[in-house]
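What follows is subunit A paired twice: with subunit B in the first complex and subunit C in the second.
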Partner chain A sequence: MSVLTKISNLDRRIIFLAVALAVTIPLLLPIGFPVDMSEPVQKVYDLIETLQPGSVVLMSIDYDPSGAPELYPATLSVMRQCFARNLRVFVIGMWATGVPLGQRALNTVAVDEYHKEYGKDFVNFGFRPGGAVMLVNLGRNIYDVCRQDVYGTPVEDLPMMKDVRSSKDIAFAITFSMGDPGSDQWIWYYHARYRGNLATAQTAIGAPKYYQYLQTGQLVGLIGGMKGAAEYERLVNVPGLATVGMDSQSIAHMLIIGFIVLGNLLYWREKRNK
Partner chain B sequence: MTTGIWPWIAAALTLAIYSFLYKDNPFYKVAEYIFVGLSAGYWASYMWWNYAKPNLFNPLFWPEAGASPNYWNIIPLFLGVLMFTQLFRQTSWMVRFPLTFVLGVALGLQIIAAIEGDIIPQLGGTFAPFLKSNFVALSVWEAIGSIVILAGVITSLTYFYFSFEHRGAFGTSAKIGVYFLMISFGASFGYTVMARISLLIGRLHFLLADWLHVIK
Partner chain C sequence: MKRQLPLAIIFAMGVFTIVTNFIPAKPVADVNQMFRNWYLGIITFFTFLGTINLAKVNVERTRDRSRDWQYSIILLVALATQLFLGFYKWSPDALREGSPFMYVYFNLQFPLEATMYSLLAFFMTSASFRAFRARNKEALLLLLAAVVVMLGRVPIGSSIWDGFPKVTEWIMSYPNAAAKRGIMIGIDLGLISMALRMILGIERSYMQ
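Coming up: the complex of A and B.
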C-alpha cells in the first residue's frame, strides 16, 4: 500500500488529534502572531471615541456560554473603552443564559477595574423576553420594557435612568449576538424604526451575513468572531482570551487548509486512476 | 489544579463529550442525557417564568393588588390549550386555530422586517453609489467595490430566475452568479471553521486555565 493510499484511508481520529494539538500547543506556548486591524472593527472603536462623556451606550448580551469564547472578550473590550471614556452603560439581554455573563463582565470591568457606581454609571436590566416586540417597545419607551433591574430596583429609583427614556437618549447600541433573537431583530425592528448608531459583535458563523448591513449604513461596525474580538483587545490595549486564541486559530486554520488541499489532491488522483 | 467542585464537574462533562471523537461510550451517553434532561427542564422553567406566568396567568388569575383580572387573557389561554389538542387524533384538527393565529402574527412581523429592514435598505445600498453625485465622491476602490456588488446581485439573481432557459447572455450571467455564490459559500465556510475552532479554544482554555491552572 503506497503512502498516498494510506493517507487517503487515514483514520479520522488522527485528524481530530492533529486539530486538538494545533489548538492546545499554542495555548501552552503562545507564538504571538500579529493581529491586523479590519475596518468594520475600527469603525466601532472610532464611533465610541466620538461620544461625549456621559452619553449612554446600550449593550445587549444576546448569547449564552457556548458563544462566550468569541463574544465575552468582545464584551469586556467594548465595556473597557466605554468606562475609560466615562460613558454610561445600560445592559440588557435577549438570552436568559446571557445574564450571568453580562453581570460578570460588569463586575470585572465596571466594578473591579474602573470603580464605577451602580445605578449612576451603569445599570443592568438583565433578561428582557419578547425579542422583536420587546425591541419595538424599548425604542419607544424604555420604562415600559425595563420596569426593574436585575436586583429588583424600580427603574424610577435608578439615577442614571432619569434621563434615559427612549431610543433618542441612547447614543450607541451594540448587540453581542450569536443567533435568534439577536442582530437580525436589532437591525430589522430597532434600527429600521428608530435609526441611531447600531453595531454588532457576532459569532464567526453568522458574521458574513452582516457585512451587507455595513454598506447600507444600518450597522456602523461589526466585530466578527474571535478575530474581531482580538482586534478590539488590541485597540483597548488589554490582551485577553481572543488574543491568546488567535495563535491557535492561525495554526488550526493552516492545518485545515493543508488537509483540504491534500484531500482534493488525493481525490483528483483517485479519479484519474479510475 | 482547582479545588472547587463545579470546575471538576464541568471538566468531567467536557471530557466525556469529547470522548465521542474516539468512539461512542457510556461516559458520552451519560453527558448527553444530562444535557438533554437539563435543557428540557431549563426551557420548561424558562417558558413558565418568562412568558406564561407574567404575561398570561398573573394578569388573569393573580392580578396586582387593586387591579382587576384581565379577562382578555382568556383568549390566548384558550388558544394555548388548543395547541395540545394535536396530541389526540380525534381533536387534532383544532390545532389549526392557534397555528393560524401564530402564522398570521409571524407573517405580519416578518413582512415589515423584510421590507423595512432588508429589501428597501439593501436595494438602496446597492444602487445609491451609482447616483452621479455619490459616484464621483467614491475612491477608485470604493467604485470598483460598488460595481462588483451590483454585478454580484444581478448575476446571482439571474441564476435563481427560472422562467427563462439559462442560455446565451442570460446563461452566462447565471454562470457568473454561481461563482459569486461559491465565493460567498467559501467565505461562510471559512468563518464557520473559525467559529468551531473558537468553541474548541474556549473549552481547552477552560480545561488548561480554570481547571488545571497550567496557563493564566
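Coming up: the complex of A and C.
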C-alpha cells in the first residue's frame, strides 16, 4: 500500500487527535495573532458610545452553555462598555438554561468590576417564555411580561423600572443568540413593530444569516462568533477568553484548510489514475 | 364534532390574528393582548408538561430495561438533583453566586454542554477531509469561498494577507446575503401557504 493510499484511508482518530492538538497547544503556548476589526462589530460599539448616560440597554441572553464559549465573552464585553458609560442594563432571556450565564455576567461585571447597585443600575428578569409572543408583549408593556425579577422582587419595587415601561424607554437592545428563539424573533416581531436600535451577537455558524438584516438597517451591528467577541474585547480594552481563543481558532482553521487541500489532491490523483 | 370544533377554533383564531394586525383600535388590540397572554400561560405550562413527559419516558425505559437504560437513570438523577437545588427552600437564592444550583450548573452542565457542541469541530474536520471535494466548477467555487472565509475569520488570515478579512466581508455582505435572502423568501412563502392551509382546514395532519 502506497503512502498516498494510506493517507486517503486515514483513520479519523488521527484527524481528531490533530484537531485536539491544534486547539490545545495554542491555548497553552499563546502566539498572539493581532485581532483586526470588522465593520459590523465596530458599529455595535459606536452605537453604544452615542447613548446618553442613564439610557436603558436591554440584553437578551438567548443561549445556553453550548454557545457560551463564543457568546459569553461578547456578553461580558458589551456589559463592560455599558457600565463604563453609566448606562442602565436590563437583562432577560428566552432560553431557560441561559439564565445563570446572564446572572454570572452581571455578578462579574456590574457587581465586582463596576460596583453597580442592583435594582438601580441593572436588573435581571431571567427566563421569559413565549418567544415571539413574549417580545410583542414586552415592546408594548414591559410590566405585562416582567412582573418579578429573578429574586422574586415585584417590578414596581425596582427603582430602575419606574421609567422603563415599554420599547420606547429602551435605547438599545442586543440579543446574544445561538438559535430559536433568538435573533429571528427579535428582528421579525420586536423590531418590525417597535423599531429602535437592535443588534445581535451570534455564534459563527449562525452569523452569515444576519448580514441581510445589516443591509436593510434592521440590525445596527453584528458580533459574529468568537472572532467578533475578540474584536469587542479589543474595543473595550479588556482581553479575555475570546482573544485567547483566537490563536487556537487560527491554527484549527489552518488545519481544516490543510485537510481540505490534501483531500482534494488525493481525489484528483485518484480521478486521473482512473 | 371532534374534528369540526378544532378546525373552527383554528379558523376563528387565525382570521382574528391576521385581521387584528390591520386594526389598531383599542378594543381589538386589548382582545388580541388577552389572547397573547393566554398563549404565554399555555407555553409556560408546556415546560412543566415537557418535564413530566421526559421523566415518564425515562422511568419507563428504566423499568423495561430498554437499550441503554442506564443513561435514563443518569438523566433522572440529574433532573431530580437540579430541580431540588433550583427549588431549594422554595426561594430565588438558587441564582446567587456559590449556591449549590450555580455550582452544579457551572461545574457540570456548562462543561458537558460546551464539550458536546465543540465535538462539531472534530467531525467537521473529518468530513471536510473526506467529503469536501471540488467535483465540478460550482463545488470548486464553494470550496474557494469557504477557504477565503475561514482565513478571513481568524487573525492568522490577516497576518498572511490583509485582504482576506475584506474579501470575507464582501462575500458575507453580497453573495451570502443574496443567497440567504432568497432562501428566506422561499421559506416564508412556504410558511404563509402552510398557515393559510391550516386556517382554511386543508392541512389537518397536526390533528392526527
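Just so we're on the same page, the second predicted complex is superposed on the first by the 274 of 274 C-alpha atoms of A that agree within 3 Å, B and C clash if a C-alpha of one lies under 4 Å from a C-alpha of the other, contacts with A are read in each partner's own complex, and residues count from 1 in each chain.
Just so we're on the same page, a contact is a pair of C-beta atoms (placed from the backbone, for glycine too) under 8 Å apart; a residue touches a chain by one contact, two chains touch by 3 or more.
Model, not experiment: these values are computed from the prediction.
On the superposed subunit A, the two partners subunit B and subunit C do not both fit; they clash.
In the superposition on chain A, A:Leu28 makes contact with subunit B only, while subunit C stays out of contact range. When the two structures are aligned on the shared chain, A:Ala96 is found in touch with subunit B and with subunit C. In the superposition on chain A, contact of A:Gln81 is made with neither subunit B nor subunit C.
Touch criterion not met for A:Thr200: it reaches neither subunit B nor subunit C.
In the superposition on chain A, contact is made by A:His191 with subunit B only, not with subunit C. In the superposition on chain A, contact of A:Pro129 is made with both subunit B and subunit C.
Look at A:Val244: by the touch rule set out above, it reaches subunit B but stays clear of subunit C.
Counting the residues of subunit A that each partner touches, subunit B and subunit C differ, and the larger count belongs to C. Of the two partner chains, neither subunit B nor subunit C is touched by A:Ser167. Residue contacts after overlaying the shared chain place A:Ser177 against neither subunit B nor subunit C. Once the two structures sit on top of each other via chain A, subunit B runs into subunit C at 37-45, and not at any other stretch of 19-27, 37-45 or 127-135. Put simply, subunit A uses residues 16, 19-20, 23, 66, 68-69, 96, 129, 133, 204, 207-208, 212, 215, 224-225, 227, 249, 252-253, 256 to touch subunit B in one complex and subunit C in the other. On the side of subunit A, the complex with subunit B involves touching residues 13, 16, 19-20, 23-24, 27-28, 66, 68-70, 96, 127, 129, 132-133, 184, 187-189, 191-193, 203-205, 207-208, 212-213, 215-218, 224-227, 241, 244-245, 248-249, 252-253, 256. Looking at the complex, you find that subunit B touches subunit A at residues 21-22, 46, 50-51, 109, 112-114, 116-118, 121-122, 124-125, 149, 184, 187-188, 191-202, 204-205, 208, 214-215. Contact residues on subunit C toward subunit A in their complex (touch as defined above): 33, 36-37, 39-40, 43-44, 47, 91-92, 95, 97, 101-102, 105-106, 109-114, 116-118, 121-122, 124-126, 128-130, 132-134, 143, 146-147, 150-151, 153-159, 162, 165, 169, 172-173, 176-177, 180-181, 184.
Those residues of subunit A lying in contact with subunit C across their complex are 10, 12, 15-16, 18-20, 23, 33-36, 38-39, 64-69, 96-97, 99-100, 103-104, 107, 126, 129-131, 133-134, 136-137, 140, 144-145, 150-152, 204, 207-209, 211-212, 214-215, 224-225, 227, 230, 246-247, 249-257, 259-260, 262-264, 267.
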